[in-house]
Amino acid sequence: MIVLTIGITCIVLTGIGIYGLLRRTHMIRMVLCFNILEAAALLGLVLIAYRPDARSPILRAATDVHVLPLPHALALTAIVIGASLTALMLTLIVRVHRSHGTVLVDKLKDWRG
Amino acid sequence: MSGITAAVLQTVNTPHIESGAIFVSQAILLFGLLALVFVALHTRRSALWWVGAIVHIGAGALLPYTADMVSFFMIWELITVGAAIVLVCEPDAHGLLRRYLPWQLLAAALLLSGFALHFAESGSVALPAAGVTAGRILIGIAVAIKAALMPLHLWMVGTYARVRPGTAVVLSAVATKIGVFGVYRLLPGSISLEILGGIMATVAVLYALRQNRLRPFLAFHIISQVGYMIAGVGSAAAAAQIAGLYHLGNHIVYKGLLFMVVALMVPMTGTPNIYSTRGMGRRSFVLTVAAIAGALSISGVPPFNGYISKSLLQYSLVSPVAIHLLTIAGIGTALSFTKFLWHGFLRPGPLPQAHDVGEGLIARTGTRTITVALSLLCLLMGLYPRSFFAELPDSAGITQQSFESGLVWPVVGAALFFILYGPILRVLLVTLPGSTTVMNLLRSAGTRGLQLMQRQHTGDIRRYLGWAVGGTMLLWTWVLLAP
Amino acid sequence: MNSLLTELPVLLIVIPLAGVPLLYFTTRSGRGTALPALAVILVVVTLLSFSIRDAMHAPVVTAAGGWQPDLGIGLQFDLLAVAAMLVTSLIVAQAILSHDETSGAQHFRTLLMLLYAGSNGLMLTQDLFNAYVFIEITSIASYALVASRQDKGGFESAFKYVVMGSFAGLLVLWGIAGLYLTTGTLDMQSLAPRFDAAQGAVPALSAAAIIAGLLIKLGQVPFHAWKADSLSGASYTVSALLSGVTTTAFFVLLLRVLSALPSLTLSLAPVLTTIASLSIITGHLMALRQPRYSRLLAYSSVAHIGYGLLAVSSGAVTAIAAGLFHILVHAIMKSSLFFLGRSFLHTGNRSDRLEAIVFPEQYRKLHVTLYVLLAMSMIGIPPVLGFTSKWYAVLETARAGYHTGAVLIALGGAVALVYYLRVGIQLVHPGLPELSSPGPASRRLPVPLAGTALILLLAVFSDRLLAFCVQAVVQLLEAV
């Protein structure tokens, strides 16, 4: 049941993220969409690691059932990367706002053709 | 493996030595050197120009000996590079390069594609002796561009008519001949090539008849003569191939002679218009003799060299259609050159104002000596053909009977000029489509297509993201549907 | 020596990575010297050249931290990595020399070193998730580099680049998650059997997502459109890095992924060929009417990477080798063309519109000669290296059965001539009068001398270079 719920959430979040990326013109919203997409991916990673009635992967007794540790490590790394990307994008948005006077992505059309 | 260095070394060790290749190479080399001497006597050129010209002619003379695709292609490109260097030194270099290089590179690209297909089939980079087995059409178009077959001739008319006269002499020595050699070396003989050559010879003569400027007029006659050569070397019959090759050798000589005559004539009469040049006959005896020798050779009048190769072609071609087409082309050529001689040299009437003969004519005696030498060569190649090209059959030569029969068609052509030239010209002007109209149509369509493509790239990153999402979806669909 | 050899792949990543903070602190005052950065590259190249012989023998595989692959991360030092890293090191070194201190770009060398470390990692790693990390390191460094000109155009380019790049990164991440879910491994060498054994559509979809992400990074149709926009606002030096270093690294990674999944590669071959053909057509045609130098070169890159992808997707060993060879040669010549663009700025001219570009008075003939040689190489006119690589690409693609593709590659050169001729005519006879204020570094020799000299000299050895690439591809395919 929980697998199904998280799986559906993951797919719904991905859909929302992609829709937002393609439809919204505000740059901050695009960053938010990226964050949503990333959250969906992280959820997916956690879901991969999930095992019913398992404990966190810290070795206490040999008989314990653990969730998979590797996807958690991946998720942690992905979170770090996602945070730095978000910071970079926000910095760029500030700079674009200063130079172009807009935060709407469809106004960025100096380069085209 | 398709190793480049290995293949080139292979060619260097065992070059393609065969009588046809030797003949073509020597013809290009000999005439190329003469052309260089002519230019040296005629005008001053920059050092870079000489480098380009020597590369152009040297590569042209080297090409027939190549035995593998790599060397063939590299030297083929080297010819273009040499010509490009020459053109850079001309006034209006940009316009010339724009006209010349894209066509040449297109030819090279098609040649490369054809080689690739042949390589894919044979698995070897060696050039087969009997022509390629695959990629014939691509190679055919490539050599057709190089040989300036219509409608792929625009580069030649556009270039030869715009360069300085001496440069035209040098350029005319190599490019088209290499195209013909390409047909001889790369394509297996067939009837369709004979007929194609015949059609080219005829159509180009019709276009030449329409011209009123000297150098486009000569350029179209080059195309027409190239048609003869293609009919010959493209034939499956060995005798026709030899006749075609001999025609190539003859052509190099008389065409160069005619270009030199024109190069010397234009500054003297001050006009490139055929109908306004006159009185050359009374002004320069040597040039008149040279012009007549050149005109008789190209029209195939015995005992000049053009007659030998043209009559051999008539006997040895397989397709009767091609033979008839070549006869018509011969009449047209005679008509056209009668026009040239009549207006420029023979027509009576008042002499126009004498023009400044200066214009870079450094040593008139020197250049004239060369024209006389070439005229003599035209005659000798007609009288003693077998001492120039040993492969020619014993029957090649002038006899009483052949002399008379050879005169028939040229005389018909000359007579047509005096009787019917006006109506013929009027018909031609109305019926033949101008070659530039088609080009312009294609160009505007191309530009519009490119603009449409460019307008799709609006600079909106969301649109680009959409393409990326769509592309990913396509990949996924394929993965799901693929077995 | 032996222990050093086993740690070599790690060193190749760690040494540049250690250079990052070093450079950061030494250049804090804004001005610094190029020597530390050059020293790092020198060390890397020395390590590389000492270990080529060992890599020839067999790939050097290192398990980072002693954890064996499948659990830990494997790094593989093979001929493919050697060839690609030699090329990228050359380009990075040229970029350091080409960098202009006064351009206002802070910490240029620091970011450059980060890019270098990331791309080295990309080419060495054998673990998919590790590859993702290196993708992002390389990309983040290059996003910042694109913005480093600190002007309107630079920010627009950087933002567009970030958006597309992040999307590509997400695709790769999804793909990796899906592959791990279904196969339980991220190690490329042990992926193939488990991938083939896995049930359902998820593994194939995931692998396709990774490939799509890499195609975005490489700029292939229909994932190509960001490329010209991102290079338009970047400085010439950065553009040279993007089209030389990152492209090569991503191409190597794509090769590794494709060779790790032979069954998928086989079924995707028609799509990849179509994508490559479309890229060749679109790239060359779009370049025809570009009004700016860098955009024109960017679209030409789209086409040239298409050559490589086409050859690779045909699947034959010699064709893959020819594709790899062309990509490496293209990296050298395209980056050299961009470095040449640096010289336009020495005339005091800031625009890269084609009607405004002009070489400085000093060394003008040398510049024009370099341009002509490089353009000949891009078009594929003998006797330069670009010709030989194109020749191999055409012939081997045709032999692998892709006749249309071979014809497209061959015809591409004829189209390319038209736009390179347009630029060349402008450079020889500038339409605008030269601007009066010469730039700061007008007395320096043009940087791409090195790249152009290589293009000219190495042409003689192209047989051996191709043989080297063939050996690299054989090693790559045997490892799986």
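Which chain is which? They are A, B and C, in the order written, and residues in each are numbered from 1.
Quick note on the criterion: a contact is a pair of C-beta atoms (placed from the backbone, for glycine too) under 8 Å apart; a residue touches a chain by one contact, two chains touch by 3 or more.
Computed from a prediction, not measured in an experiment: that's the story for all the values here.
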Closest chain to the centre of mass proxy, which here is the mean CA position: C
Longest centre-to-centre distance from chain A, chain (CA-based): B
Centre-to-centre distance between chain C and chain B (centres being mean Cα positions), rounded to whole Å: 43
Inter-centroid spacing, chain B versus chain A (mean Cα positions, whole Å): 66
Chain A-chain C separation of Cα centroids, rounded to whole Å: 28
For chain B, residues contacting two or more additional chains: 454, 457, 459, 461, 465
Of all residues in chain C, the ones touching two or more other chains: 159-160, 163, 167, 228-229, 289
Contacts with two or more other chains, residues of chain A listed in rising order: 21, 105, 108, 110-113
Parts of chain C lying in touch with chain B, wherever the complex brings them together: 159-160, 163-164, 167-168, 171, 201, 204-205, 207-209, 211-212, 215-216, 222-223, 225-226, 228-229, 264, 267-268, 270-271, 275, 282, 285-286, 288-289, 318, 379, 381-383, 387-388, 391-392, 394-399, 401, 403, 406-407, 410-414, 417-418, 421, 425, 429, 460-463, 466-467, 470
Partner chain C, residues of chain B touching it in the complex: 1-6, 70, 73-74, 77-78, 80-81, 94, 97-98, 101-102, 105-106, 108-110, 112-113, 115-117, 119-120, 123, 125, 138, 450-451, 453-454, 457, 459, 461, 463-465, 467-468, 470-472, 474-476, 478-480, 482-483
Complex contact set, residues of chain C against chain A: 129, 132-133, 136, 140, 143-144, 147, 150-153, 155-160, 162-163, 166-167, 169-170, 173-174, 176-177, 180-181, 186, 228-229, 232-233, 289-291, 295
Chain B residues within the chain A interface of the complex: 454-455, 457-462, 465-466, 469
For the chain A and chain B complex, residues of the former touching the latter: 18, 21-23, 25, 105-106, 108-113
